[in-house]
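I am attaching a structure below and will ask some questions about it afterwards.
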Amino acid sequence: MIFLFTDFTRDGPYVGQMQAVLAAEAPGIPVIDLMQDAPAHAPKPAAYLLAALATAFPENAVCVGVVDPGVGTERPPVVVEADGRRFVGPGNGLFELVARRAATTRTQRIQWRPDTLSASFHGRDLFAPVAAMLATGSVPDDLFAPDPMEGLPGADWPDDLSEILYADGFGNLMTGLRAASIAESTPLRAGGKTIPRARIFGEATPDTPFWYANSCGLIEIAVPSGSAAAALGLVVGDTIKLG
Amino acid sequence: MIFLFTDFTRDGPYVGQMQAVLAAEAPGIPVIDLMQDAPAHAPKPAAYLLAALATAFPENAVCVGVVDPGVGTERPPVVVEADGRRFVGPGNGLFELVARRAATTRTQRIQWRPDTLSASFHGRDLFAPVAAMLATGSVPDDLFAPDPMEGLPGADWPDDLSEILYADGFGNLMTGLRAASIAESTPLRAGGKTIPRARIFGEATPDTPFWYANSCGLIEIAVPSGSAAAALGLVVGDTIKLG
Amino acid sequence: MIFLFTDFTRDGPYVGQMQAVLAAEAPGIPVIDLMQDAPAHAPKPAAYLLAALATAFPENAVCVGVVDPGVGTERPPVVVEADGRRFVGPGNGLFELVARRAATTRTQRIQWRPDTLSASFHGRDLFAPVAAMLATGSVPDDLFAPDPMEGLPGADWPDDLSEILYADGFGNLMTGLRAASIAESTPLRAGGKTIPRARIFGEATPDTPFWYANSCGLIEIAVPSGSAAAALGLVVGDTIKLG
């Protein structure tokens, strides 16, 4: 199974062009259009979101992850193996949290290049073909550079990120904090307010911001039948505090 | 064939996460991303929309329908069979019109539970796995509760709904009225105007609201090369009148 | 492989309804949701965009292309063959540039009709079934009218279109000019400014509009970390000049 995780949005032809490459080069392998509105041009918050989503990936998953503001410049293309799952994309920290939370991990630099490589769309021209190689097991000998890949960004990032990663269309705010990392009795502080926990929307106080453990294990701030983004005046990138 | 009909929107990872479950648990069965912007948190109008779309479902279709403001609370999870098609989702009236318009129907309460059930995402954790069971025919003995399911919401809803169900991005307004339920000569009244019928955009009066039988059999209000929503000042949930 | 290229947007049930038809009538053939936000109701600019995207189509591709403001009126439904690829949709010029740039081409009028043909959704009722026939090779004898199809719109359109075809969510502006058609040293003029070329975002001057050859070979105007649409005050349909 191949997963697509990008900041391309679903507008335009970009996700479809990647899917066409995968359908041609990895026929019969399901391709999951997982999320195309990852934090735009922001590998760091995107890394926390991807790591949360990846906990549900099956063992043989290959993920094409593209949040790549440096496309066409010097950042290396990489494959990160994390407990058997393979992540293909830019070596800019996007896979740092996936790797850090795995028991076994390996990062390799992709040295293979396609016959035609556009300057701006490595997702289609480089990462999707490599994902197809990995998913089908048809891997050229020289796919990876022989030297170990070291010094990628992200080594100094925290284990959990006290930031808003994502706001959905209803105004719910996903953070980079794993719910399992804090006690249920711990309130959050953000937007000048103290935010208590509730198990679920239906048990929270009407019109009042609360936090809950969302379905991918992250702390999410919401307002029953309302918009937490509007109620708290928060946007993606804003900081939240604990306690 | 498995259909997905939700109010999740296509933003975020939610539809993709459901598709990953279905790809893993019902391999080889096509999954159709039918509509993810059903009336938000509103099972009643969504029920009329789903019933209109479902007239085109093939006989062996399984539909995961999730418009579920009560997720994580006491509403029962159900499977509704309607003329052989199976609908999996919350027992909140969402399948009322599908059932009412079928020659043969049966509603059963799902008592099976997955090993891990999030409080907020039964679409991924409960409904998608049950849909995969039904689509593959690999159904556990205790999937359903033995007692008949009765007393669900919706029994008192009308056969057609005189409301705007859906506004598309061009400002066309879909209603809950089946076109076959009224005479072609009947005008609508909404937004302070009388709205005549035309067969199609190209035959309607320029810049003037008209109604037509849309491609799923519902009455839809439009303006040639314009926005009916803007011209009439109507939004989803507003009432329309006949005659 | 079947490609879908429309101006339906991904809102509503429309793309899903077409995919359901293709899954039923062309089982096992991959369907690529290529682009659903083509220039709305505008076959001419859409034709330049489709021709650029189609250069990457595999040899056996079938494309359902629907930008069809005249649906339900007299424009003929057609299949255009261009170097072996088949394009199914309205005969309104949408496939003019695809045909013009091919070495071998043929245009035929579809005379086959389904049992039920809605007035407003030929994409689902006519074009998708015909695409399934072509993709599976199961073609009825009377699919096409015997007389040659001539006189379609588009014969007088230019080889490249000096217009903005598409603005993505980041404000990048795609034009109808192929990058290979002009020298790299040629600046553009649009929005009252002179716009130089850069190879890629990372090599352009910060906060300053530049043009580059985008990943489908068209000239695209962008601003590093900014919006070219906002910086230049340009929208889809605006004219650009060379030199």
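As written, the chains take the letters A, B and C, and residue 1 is the first residue of each chain.
Here is the rule we go by: a residue touches a chain if its C-beta (ideal position, glycine included) is under 8 Å from a C-beta of that chain, and two chains touch if they have at least 3 such contacts.
As the structure is a computational prediction, the values presented were derived from the model and not from experiment.
Remark: rotation between chain A and chain B after Cα superposition is 120° (nearest 5). Judged by shared residue numbers over all numbers used at their interface, chain B and chain C contact each other through mostly different positions, with under half in common.
Here the spacing of chain B and chain C, counted between their Cα centres, is 31 Å. Touching of two or more other chains is recorded for residues 10 of chain B. Remark: chain A residues 1, 3, 10, 30, 32-35, 37, 53, 56-58, 166, 168-170, 199-203, 212-216, 225 touch chain B in the complex. Chain C meets chain B in the complex at residues 9-13, 15-17, 19-20, 23-24, 27, 40-41, 69-73, 118-121, 124-125.
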